[in-house]
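All chains are identified by letter, namely A, B, C, D, E and F, in their written order; residue positions are counted from 1 within each chain.
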């Protein structure tokens, strides 16, 4: 898993805190003394894979949460690290510091940690289901607007792999591209002629005839779109290592294992980022 | 429902397209001629409430999708409007224009429309479940970082109401505020003395003793946190119109109707924005 | 008074310094050696209430004023704190550090400190004039574009209260809204039905007939616009605690006391932010 | 007078509207129908010079005020132009269009127009007082953080001139620069040697001895700081056209004429931007 | 060649104009009447390939160059299009419109057009030198900070190809990576295991032994760094189509042809963006 | 030479690193362990003047290059300072720290340092050629979009001077301005009447007749555009100290000395920023 740099983390934190706090947490400022201190714990309320711990400290470090005159800040002591599995009741991190900082930052901490851990947890389930095969679980572009890097990182924390980040760093020739170019062969040639040589060329096919044409056109990766298990097995047999095969469409927890067993190299799962339920996590003050 | 202004819509569209397109949709640019035109349809693949149509036209209007030399742009003709109910197979909008524009913008259109319609659809289910009562369904601050306005708008499209936008435009005194201030009475007085007079004061209580104290302190709204139905009924009886009552905690589709029938005024549901599954929607080229 | 967070302070400081310094303080760079150090004092030249001290240190801390190779920075030792009253000749803060930093930052320090202290001083005069009554002095939206938070903070430093921050965090039904909705009753009902339940509803009225209608419609706050003292007294008598009353219009230092004595709860004064003269403050190098 | 470009105007408008409107003008959206139209007038309530008319149309044109589905926008028909003198009761501009747009933009229109017209009006008073002399009235760097261009433009509308915009586009050697460099001569030489040849060199002097040294050092402009009228007359006599003379300090409406009559070329007045009272202007709906 | 979208163009234009114009083109505003109109021509003063024409119209369209009250804007009529070859004296485009707009925008137009055309022209020279071979000329990351997309686009206009845009969209294993990983084999395996499957793996080698190891590790592209012609010929012979070969280092106009004739697939040339001399182009008013 | 402030440096660094790194240096993250450390040297590969050292440390300090969990950062120990002359093989700076930080930042360090040192080196050559005369070498507005401050700083490091930064901080009346105003005299008078008194007025002339008119109109600086040496000598004789003279046009290393010897005060050279070849500099890991 390749990490997120502090500048990116800081940018997300700033966006989240600014949106939530507006011109100030008026309730906390009027009820909690500036010098009050507290201890708190972040606790898992269901089992899962934790992702996003760097955001917790970054939120409590943010100058948006700082009172100009306060000397105490909130310190985070993580009990686990990104990628660790927790059980319900496990302590994820301890926090001690200024009560106001903890109270005002709490909601953003949980919003981010729950979402990222939810994605990591769902990814790990898929990875586990195909662990007896060589297939990689990869994500898609079906991510939340503005949060793609964060969500793709969470996929890697759960053991998955990233597909292209966006439209400019990968080539994927789909049905409408093929139609516009005239044929798979024409489309692949146009791309090979115009695109950087360092980019692999992926072609989406829906049947074995197209599959054969893609192989003949020397596609680097072939996406088998909504094919039956039978067709996928055939496609694996035909390709014989001349290209990587990616299965796509109708992938869910019930079907992923059988798909992997057909011998495809890659299985893309939109649900990883699109429908991952949040992991239930709470933050509680302790005495 | 109060709308989203074009400047906000444009800002979200820019964030989404920039992230997805990077330095250019290389596949489309190499396979689809600049002057090719196409017609497409956005179709519901499951029943639900549509939200976010202003984003569809805004995406296809974005100069990020424009070729400097192209004269044709993509026009969107919506068949429905925000808040309308659709069935599987219903056409949501027709699009006609430059093939490149439609292909490059497709993913962002679907990512936004599916998320917003998912929230509106889930909200409408909750609203429908309590329709025989006076209870309002309201959202929470459990939203996606950076997308709170968009998601809160989708809640109103589904018939729900918005709770405070963030920490600066509403007062909600919770357990840790009460502990810091010494008592509910002390906390409410501190807030009444310091906050703008135009703000209502809401207090979270977990039992009837606290409830009575909140009423005596003249709280404007009392949040009944994780109370039993029996306790809520009692709370309604006791308050006798002297404050609004909000039910919170353990609200789901199975429990919401009974909660509403206790007579509370407001029911807050984190799941509206936190766990709404995307509505399945597709975009297809037509001949 | 609820404070300004360091991120906001930093943003204002950056805007002010960038505008003033452009590509560099050429005079200082060519005449003052990089390693020269100096001591300076910020002094009040007339009596008043000081507001904005956090900005002084923030300006001298700004990396815009930093020379990459300098090791000395300017340290600010405040003699007073926000809200303190000073007399002419009183030292507000001592500064010691790099001469260049102090010289280049001087103008921005004074521009901000004079404006904020001017607002706090004027507010305190109004607050003092009504101190024998229960009336609160509140600000309005008649603020300087881009500086509303800063100016509203200065009002609280002077002992005043804030009205709504802007159009989205408070409801104020004025004559044109009433005309559009058909009546006060219709307007209040439309708002009650559509707005978040946590928001109070304020209605502007110009005579006692409207006042009665607003009470009957259960407005939370009634703004008495340009009413005579006699009418305001009547309005207080009529409302009998069923709503808060806000006096508005023709409020100045000569009239505010009599207005407060009518028994209204709130008096809004546009002049606090609109016409507060700057407090005269100077920064001098000392030997 | 050199104008403000639309991009700058748009940036100020965006800052003002965003700050004021937040997530939406909830009162207007709930009480005024989307298709309601209205006519309104902007009227002077006291005599003065109008400045800032470009902002009025820019505000009502802003997409922040636009409803995605509205077809009508607010059109502004100005009766006067920047620099025109108006009397109390004069119509400044007529507006017709969408009621919502006019109501939501009203406060920002008035906040900007009143401030700019106030500066232009005060400047014109100073310019008028010295009109029988050759002296130019110029502004200073004592402006509102973030609004310097706007305020300096308003000064030119009132017939004044701009001094340097900030620290990088003009040289002004003050007492602390002289002290650091060792002498006026040393300071001027250091600047002449290091600064772009296209920049004039201005030196601040407080007595005639320094004045003579500045002339000898071939300063282009000499600022006479807080000198008596007698000294200024002497300074004019001495300099004999070898440099421009600028009077500064203790300039007010009572003193400015006598100062101008000493024969100085330039009189700088901090109060133009620092203490100009707003011009009273209102916006009213008309039947 | 894949184009630049209008949003990117607009962003570069805004950066260039803002930097150049500051608070206004004071000379033009004081000497040229607002309603003056003019015709002008952009002319090549030396032969070359033109790139960047979209920027010319975008600059003259920019609202930064617009006077709020002007009705005439500058229209650009291009005589050629990006990629066309011109001779000295050829008219590149005619401009007609507001004199002020043309004069104020002139410098930015030329700064951008000269730079981009310089890169396109130099690239075309390299492409021409290898036109009898299969070798592609590609650019590097040796670009101007902030202008990479613009410069890489100019390379494609000249007939070159783009290498990876930056560090995240391509894999290039260099000597220090190899040293850290232990061996070429270890480095390639680490990358293959961790990187998206859609990315090709490129390895830099400096001798034939490394070359053989890279082939054995199944690198997709092998960069031959500073190899002799003799070594490159051997490398081509050895690889036998199992990987693409890229020549790098000591490439200039004297050596590129011989390098291409060794049979390598790709030749990367830092000088394309790093040292391309500007193409001499002028803008003149015509009667 | 007047320095660049850290905020500006940081802004350029952020722009460069963001552009180059995108979502992460995938090669380095997969091949180099997070805790690996290294030493490296930046070395001149040809003789020249170094400029830009503050950027080297700023790049390695940037949080974009920081791993959240890493404790080691890259420390830069410069051997020289801006303005120092180096020979081929000279060590410019030593770097020690986290291997990943050094590898990922390397390209941006070199791109900036090579460009700035190239400009400083070329400037120094021109300055040296005219060192026996009083002429100053100055830059122009022919700079790279977005990098003007950086490039103008590099000119001062090489011993040159800056001309105006942009259109708002200097007056230069050119042929089209003269034509629009009617005559040199009319143009100068219009500018003198409207521009700030602190600005010098420069006029471009192409023959001695215009030269005489400019002197008579009391221009502060006269730009002799593309005049012959003979004409320039005449112009110097005629002006007799009544204005500064600037030579412009057809200035190159072969002509600059003779131009200086005509007695002009200033020689402007577009090539300083427009065509300075990068100085060859490398960064190498050392054992």
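Here are a few things to note about the model shown:
Assume a contact is a pair of C-beta atoms (placed from the backbone, for glycine too) under 8 Å apart; a residue touches a chain by one contact, two chains touch by 3 or more.
These numbers were taken from a predicted model, which means no experiment stands behind them.
Any chain bridging chain B and chain D, meaning touching each of them, is among C, E; the list is complete. Counted by C-beta pairs in contact, the busier of E-F and A-E is E-F.
Residues touching across the chain D-chain F interface largely coincide between the two copies, over half of the numbers being common to both.
Set against the C-alpha centre of chain E, every other chain centre is closer than that of C. Chain centres here are means of the Cα atoms, and by that rule the chain farthest away from chain D is A.
Centres computed as Cα averages put chain C at a distance of 44 Å from chain F.
Chain C and chain D have Cα centroids separated by 22 Å. Shared interface positions of chain F, defined as residues touching 2 or more other chains, are 2, 21-24, 26, 29-30, 165, 168-169, 194, 199. Checking each pair of chains for touch leaves A-B, A-C, A-E, A-F, B-C, B-D, B-E, C-D, C-F, D-E, D-F, E-F. Of all the residues in chain F, the ones that touch chain D in their complex are 2, 136, 138, 161-165, 168-170, 194, 196-200, 202, 220-221, 244, 246, 265-266.
Residues 2-7, 9-10, 54, 149, 165, 169 of chain C are the ones touching chain A in the complex.
Only residues 12, 15-16, 19-33, 36, 38, 99, 103-104, 107-108, 110-112, 114-115, 141-148, 165-169, 171-174, 176-181, 187, 190-191, 193-195, 199, 274-275, 277-278, 285 of chain F touch chain E when the two sit together in their complex. Residues 14, 21-24, 26, 29-30, 62-69 of chain F touch chain A in their complex.
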